[in-house]
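Below you'll find the structure I mean.
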Amino acid sequence: MIEALVNLGWNPHIATFVALLLGVVACASFGLIWFTVIGLWLVRKVAARVQDRMGPNRVGPFGLFQVFADLGKMITKEDITPQGADKPIFNIAPLLAIAAVVLIWAVMPFAKTLIGADLSVGALYFISVASLGTLGVLLAGWSSNNKYALIGALRAVAALVSYEVPMVISILVPVLLAGTMSMNGIVEAQHIFYIFAVPLSAFVFFTSNLGETGRAPFDVIEAESELVAGYNIEYTGIKFGMFQAAEFVHSFTSCALMAVLFVGGWRGPGAELPGLAGALFGFIYFFSKSMVIYMLLLWIGNTVPRLRIDQMMAFNWKFLVPLQLVNLLAVAFVAKILQPNYEAVRATAESGSTLGNIYRVFGPEFIADLPRAIALLIVNVIILGGVGLMIRNSIRKERASVEANRAARPPYLGRRTPVEQPAVGD
Amino acid sequence: MQTVDWVQWLAFGILTLLTIGSALAVVIDRNIFHSALWLLVSLFGVAGLFVMLSAPFLAAVQVLVYMGAIVILIIFAIMLTRRLMGLTEALNTQWWVGGITAIVTFLVIAFVLFQAGQGANPILVREPIAALNGRGVEELGKALVDPAQYALPFELASVLLTAALIGSIVIAREDQ
Amino acid sequence: MNWFDVNNLLWLIPIPPLLAFAAIILGAGRNKTLSHVLAIGGIIISLLFAWLVVARGLAFPHLGHADGVFGSSITWLSNGTNGVGSGALRMGVFLDPLNHVMLFMVPLACFLIFIYSLGYMAHDPRNTRFFAYLSLFASAMLTLVVADNLLLLFVGWEVMGLCSYLLIGFWFEKESAYKAAIKAFMTTRVADVIFMIGIAYLWATTGTLNFREIMFNATTMQSLGSTPALGGIFGPTAAGVIGICIVVGTIGKSAQFPLHIWLPDAMEGPTPVSAMIHAATMVSAGIYLIIRMYPVLSAGGNPAEGIFTGPMVLMAVVGAFTALFAASIAFTMNDIKKVLAYSTISQLGFMMAALGIGAYTAAFFHLITHAFFKALLFLGSGSVIHAMEHGEHLAHDAAHGHDTGHEAVALASAEHGEASHPAEHGHAQEAHDAHGAHQDTVVAHSDFDPQDMRNMGGLFRKMPVTTWTFVIGGASLAGLPLITAGFWSKDEIFAEAWAAGTKNPLGLVVLIILALAAFCTALYTMRQLCMVFAGEPRSEAARYAQHYEPRTRANRNVSAQMTAPLIVLAFFAIVAGFGGINSGFWGLGAALKGIGIDAPFGHWVGQSLLAEPEHIAFNIGPVIISFGVFILGFLLGLELYFRRPVIAESDPIAEFMGPTWYRLISNKYYIEEAYKRYLVRPLTWVSEVLTPQLIDRGIIDRFLNFLAYAATQIGNFIRAFNTTIIDGVSDGIPEAIGDIARSARQIQNGRIQRYLLYSLIAAVFIGANVILVALASGDLVRAVWVIEALAVILLLIFFGPGRPAPTSGGAD
Amino acid sequence: MVPLTAFLIVAALLFCIGLYGALARRNAVSILMSVELMLNAVNLNLVAFWRFNTPAQDVGSGLPIGMSGQVFAVFVFVVAAAEAAVGLALIIAMYRSRQTVIAESADTLKF
C-alpha cells in the first residue's frame, strides 16, 4: 500500500503515515464495532443462561439487535454536565478511557499479514497505552466534583495500578521466551503455545486482567448491587455509554491479548499460507481463541462471588506478585540454560534420516522448542506444588488459630453486648 | 531529500508546539489540577520527539513511567492535599526575578548554541545516520546488562528505586 | 572460572563481613548467638581469603613490579569508550606489596578484636547491633585495602567514617558519647571535603584514579610534578596541590595536629572500638593513604637528595609537631584510654613525619608494628577496665556486709533487685532503660571511674596475663631495644631521619623532635605501667579487680575470650619487628642475614614503587639515639613512679615539670578552649551579637537614629526656609539605609526557592562571565564587571522591600 | 532530518520553562512538576545528542552500537521516578504536619 501511494507521487513519509493511520483506524474500529454488536449480546445471553433466564430475545433474531436499541437509548438520553464539574476534563475523560482501549488494537496481530502497526516495542506499547485508561478513570472521578465519584475513582485507580504490576510481570515471560516485544514476533515464536509451557504466567495474566478490567470477582469498582456507580456516577447519555463501551471492549481486548501472548494468536494449520487465505485462516484462529477465553471470562464473571477490596489487594500483593516474580526468575533461569537450537534440529530434519523424518512430521521448530517447554512446565508444576503447600499450611494455621481463639474466648464475649451482672447483696 | 524534509519539520513543529505550549500552561495555569494535566500533554509531546529521534523504547517508557505513574502520583498528591487547591495566588513574590533568570538562562544557552553553530562545531552539524535498522531496543537492552558497559549502574539504579520506595513509605506513613 | 584465582579472590575479601552486616541487621533481631556466629564467620572467611591471597602473593617474587600485579577491574561509569585510560571510571581491586602486608595485618587485627568483643560486650543489650557495625567496618576497611583506585578507597574511607560515628556513639545514652560521635564525624568531614577536592583535581589532571596507572606512568608523574596548578596562580605544582589536599584528608582521618581533637573523645566508644578503629585500622588508613599516594606527594622533588616537595614538608612539620605535642599531653592524662589515645596520635605523627622526609618503608613498617602493639595496649586496657568494673561491683557487695563469693552476688542482686543494677556487668539482664553501658551504670551508683589510673595499682597480682601482655605492648610502644617491634620500626625512622638530616636541615629538625617525642613516649609508658600494675591497690575496686569468680568459675569463657587475643597480639608485637632489621646492625642483623632474613620488609614493600627506594646503610648515630631516649625515659619513669602512689593533686610529673607547664599540658595546651574561643565563640558572637545587635542595633540603628536625629534637627532649623525639600531628604535617607539593612537580612529567609534563585543567578552570572572573558576584550570585560557590581547592589536593594521577617519563634 | 540544534533549542526552552516554574510557583507540587519538566528537557538533550552522534559505521557492522545517550535517559527516568515518589511523600508529610503545601511557608530552616 505504501509503495502504491508512493508510485502515485505521494511523499513517502506522508504515504507511510496515511497507510499506518488507515491500518490502525481500521483495526481499532473493528474491535470496537464488532464487539458492540455481537459481544454485548453475548454478554447478556451468557449472563442470562447462567442465571436461568432467557436474555434478550425481542429485538431482531435471537435478540441480536438489542444492542442497537440500547445504543439508541443511550444517545437519546439527556447529556448532562454537572454545574460544578470541570467541564473540559469532564468531557475528555470518557474519550481518554475509550481511546486507551481502542489504541491497544493498533498492535493486535489478527493474522500474519494483518496487523495495524507491528511496533518493535508492541508489548510495551500496549502496557503504556493501557495505563492511560487509569488516567481516564481518575479524571472522570475528579472532574465530576462529587465525593462519591472521587472516592470511587481513587478506589478504582488503586485497584488498576495494583493489578497492573502482576500483569506487566507476566507479560515479561512471553517477551523473555520470544526474545522480542513485537506482538507478531511473539506469536511467531510460539511453536509451542506458551500456555502449555508456562501455565502459571498465563493464569496470572488472566487473573490480573480480570482485576484490570474490573470483572468479577474483582468488580468492587463497579459493584452495581452495593455501590452507587462509582467514578462515573455523574455521567449520562452517550458519555456514560462510552465508559460502558470502554469497559466491555477492554475485557474482550484482554482476552485477545491473552490469545496473542499465550495461546499463539493466529497460529494454526494453514495460517502461514500466503495471501488472503492465510489471513483468513489466521483471523479465524485468532478470534476463536479469543472467544474461548472470553467465554471463560464470562463464565467466571457470572459465577464467582465478589471479593472485598482488602481481599482483592491482598490477593494481588501477597499472592499474584510474589508468585509471578518467582515464576519469572525461574523462567529466566530455564530460558537461559535451555536455548532452543533451531539450526541443528532443522539440519537434522533436512538430512532425511529417520529421526529427521520424525522431526519433519512435528515440525523442526516444535521439536527444537520441546525441551525448553517441558523444562518450563516442570518448573511451573514445582512452583505450583510449593505454592499449594504454602497455602495449605497457612490455611491450617489460620484454622488452628481460629479454633484456639474460639476455645479461649469466654462465651459471653461472643455476644454483642455484655450481659450485665445482676448486683449481688445490698 | 529536500522533498521529505518539510514533513519532518511539520511533525517537529506540531510536537514542539504541543510540548512547549503545554509546558507553559503547566507553569502558568492557576488550577494545579489542570497544571498536572498539561504536564501530561507536554510529556506526551516529548515522547513524540523521542519517536522522531528513533528512540521508540524511550517513548513507550516515557508514556508508561511518566504519564502512567508519575503524573498519576502527582494527581494523587494533589487530591490528598486538595484543601489548598483553591489557591488564589499561584505565584510567589519573586516570580518576575525567576522569569528573568529563566529567560537569561535560555539566552545564554541559545547564545552558546549559536556560537557553536557559527564555528561549525562538528558535534552540532553532524548528520544522523539514516536508520538504526531496528537495532535500538536490542542494543539498549544489551548495554544495560553488559558488565563492560552499564550493568553496575543499572543494578545501582534498582537499589536506588528500592531505597526510594522504602524511604517514601517511611516518610509518608502516619506516625503510629 | 577459577574462584580461587587471586584476581577473583581479591574481590571476595570484603564481601563476607558485608553480608554478615546485612544478615545481622536484617535477620538476627536480638539473637546474640546468631549475630556472633554471623560476624565471626564473616571475618574468618575474610581472613582465610586474605591470607590465601597473602600466601599466593608471597609465592610471586616480583609482586608490585610493572608486570607483577594481580587484580581486575570493571567499568563503573562508562563514557562510551570502555578501554583502560579512556577516562571511564573503573572500579577494581589489585594486590601489590603494600596492601599485601596490610592484608596480613588488617583481617587478623579485626578477627582478634571480634573475638575480644565477644567477651567484652557479652552483656550489652545492643550486642547484635555492635557486631553488625563491626562487620560493616571490617568490610569497609578491607575494601579500602584492596582498592586499586582512589574512588573505591574513598568509598571505604567514608563508610569507615560512618562506622566510626556509629560506634563512638554506640552508648548514645551518654551525652558525652553522642557528642564525641558528632565531633568525630564533623571534624573528619572537614578534612574529607578537601580530600575529595584533591581526588577530583587528580582525576581532572590525569583522567584516571587508578593507582598503578598514575604512579607507574613516568610521563604522568613527570607532568604532575611540573605542571603549575590552577593556571599557575598560586605557585605549587598540580602534584603539590593534590598532595596537600590528600595530606589534609589524612590529617583529619589520622587525627594530626589541628584536627586531632576528635580522637581522645572517641574513647567514649566501647574499648574494642577504640582498639580497632582508633588504633589499629581506621586511623592507620589515613597513613596508608599517604603511603599509597607517596609517589604523587613526592612528585617533583627528590627525597633521596634532600629535595622535599610542599606536601612532604607539610607532612614532616605537622607529623613531627604532633608527635611531640601529643606525647607530652599523654603523660598528664589519668584516664587509661586517653593516655593511649594521645599516644596513638603521637605515633601516627611519627609515621607522618617519617613520610615527610621520604622514609617510605620505615613509615609503613611503623604502621604495621604500631597496629599490633597499639591494638594490644587498647585491648589490654579494656581488660583492665572490665576487671575494674567487676571489682567495683564486688567491692560494692563487700561493703554491704557480704562475702565476695557467688552467693553474695546472687544475694546482692536479689536484694537490690533489677532496679539498682540495671545492666550490671557480669550479671546483666536485658536492660530496657537507657543504660546499656556498663561504665555508665557503674558510675550511676557511685562516682567511681573504672578508667581512672589513680584508682588502680597492684593489678599485676590479679591479672597476670593482662599484665604481661600489656607490659610487652608498652615496651614495644616505648621502644625497648632489641626485643620489641616498636624499637626496630622507630629505629628505622630515626635512621632515615638521620640520613635525611645530612642533606636537608628539615631532616635534622624532624630527628630531634622525634627523639624528644620518643623520650616522652618511654616516660608516659612507664608512668602508665607503674600506675596500673605496680604498687599497692589504691581503691577497693582495684583490690577486687578480676574477670571472673575464682570460686564459681562463672564468666570464665569471658576471660578467655578477652585474654586470648592479647596473647596473639603480644606475639606479633615482638615478632613483627624482625622483618625490618637492618642487616648492618651489630651481630643481630648479620646473624639474621645469615639465615636468610635480610630486612625483608623494606625490600618487599619497596617494590610497590616505580623506583625502589635505596636502603640506607647502617649508622651508629640513630641507634644510640634510640637506646638513649628509651633508657632515659625508662629510668626517669622508674624514678618518678615506681612504688609511688599517685594521688590526684600530686602527680610526680607535675613536680618534675613545674606547675605552670603541668597545667598547660594537662589541659591539652588549651587547644579545645582555643577552638572554642577563637573559632566557635567568634562565629556564635557574629551570628548572635554582631549582626543583630551590634550591626543592626548598634551601628545601623544608631546611625539611623543619628541621621534621623541630625536630619530632624537640621530640618527643624531650616524648616523656616523650606520645609518640603529638607523633609524629603531627612525621611528619605534613613528609609533608604533601613531598606538596605533589611534587605541584607532578607538574604537568608529560609525559603528554598529563594536559595535556588540565588544559586541560579550565580550560575548564570558565572556562565555569562566565562563567555564574556572568552569572547570580549579586556577593557570591555572590566567595564562589564563594574556594571555587574552595580547590578549586584541593585539586586540587594530589590530584596529589601520584602515583608519584614516574622519575629515570632526566636532569633531571625 | 531536523537538525540537532532545533532539538537542543526545544530542550533549552523546556528547561527554562521548568526553571521558571520551579522558581515562581508557590505550591510544592507545582515545583515538583516543574522539576519533571526540567528532567525531561535533559532527557531530550541526551537522546538528541545520542541520535546525532552515534558513529555510522557501528550501525552497519555487527558490533554493539554506543547507547550511552539512551542509557543515561533511562537512568534519568529512574531518578525522576524516585524523586517523584520521595518528593510527593515529603509533600504529604509536610501537609500532614503543617497543613500546607506552600513552599514558602516551610522556612524555619534558616537558623
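Order of writing sets the chain letters: A, B, C and D. Residues in each chain are counted from 1.
Keep this in mind: contacts are C-beta pairs under 8 Å (C-beta built on N, C-alpha and C of every residue); 3 or more make two chains touch, one makes a residue touch a chain.
None of the values given here were measured: they were computed from a predicted structure.
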- Compute the shortest path length in steps from chain A to chain C over the network of touching chains. 2
- Task: Farthest from chain A by Cα centre, which chain is it? Let me know.
- Result: C
- Query: So which chain ends up closest to the centre of the protein, judged by Cα positions averaged per chain?
  - Reply: D
- Averaged over CA atoms, how far is the centre of chain A from the centre of chain B? Could you give it in whole Å? 30
- Gap in Å, rounded to a whole number, between the CA centres of chain D and chain A: 33
- Message: As a quick test, compute the distance in whole Å between the mean CA positions of chain C and chain D.
- Response: 40
- Query: Any idea how many Å lie between the Cα centroids of chain B and chain C?
  - Reply: 45
- What are the residues of chain D that contact at least two other chains? 19, 22-24, 68, 103-104
- List, in ascending order, every residue of chain B touching at least 2 other chains. 8, 57, 61, 69, 76, 92, 94, 97-98, 101, 105, 149-150, 153
- Which residues belonging to chain A are in contact with no fewer than two other chains? none
- Let me know each pair of chains that touch one another. A-B, B-C, B-D, C-D
- Note on the structure: Within the complex, chain C is touched by chain D residues 19, 22-24, 31, 66, 68, 103-104, 106-111
- Item | Contacting residues of chain B [partner chain C, same complex] | 92-94, 97-98, 101, 104-105, 108, 111-112, 115, 147-150, 152-153
- Residues of chain D that touch chain B when the two form their complex: 1-10, 12-27, 29-30, 32-34, 36-37, 40, 43-44, 47-54, 56, 59, 64-65, 67-68, 70-71, 73-75, 77-86, 88-93, 95-96, 99-104
- Interfacial residue positions of chain A with respect to chain B in the complex: 11-14, 17, 86, 89, 119-121, 124-125, 127-129, 131-132, 134-135, 138-139, 142, 150, 154, 157, 161, 181
- Query: Quick one: in the complex, what on chain B touches chain A?
  - Reply: 3-4, 7-8, 33-34, 37, 40, 56-57, 60-61, 63-64, 67-69, 71-72, 75-76, 79, 134, 137
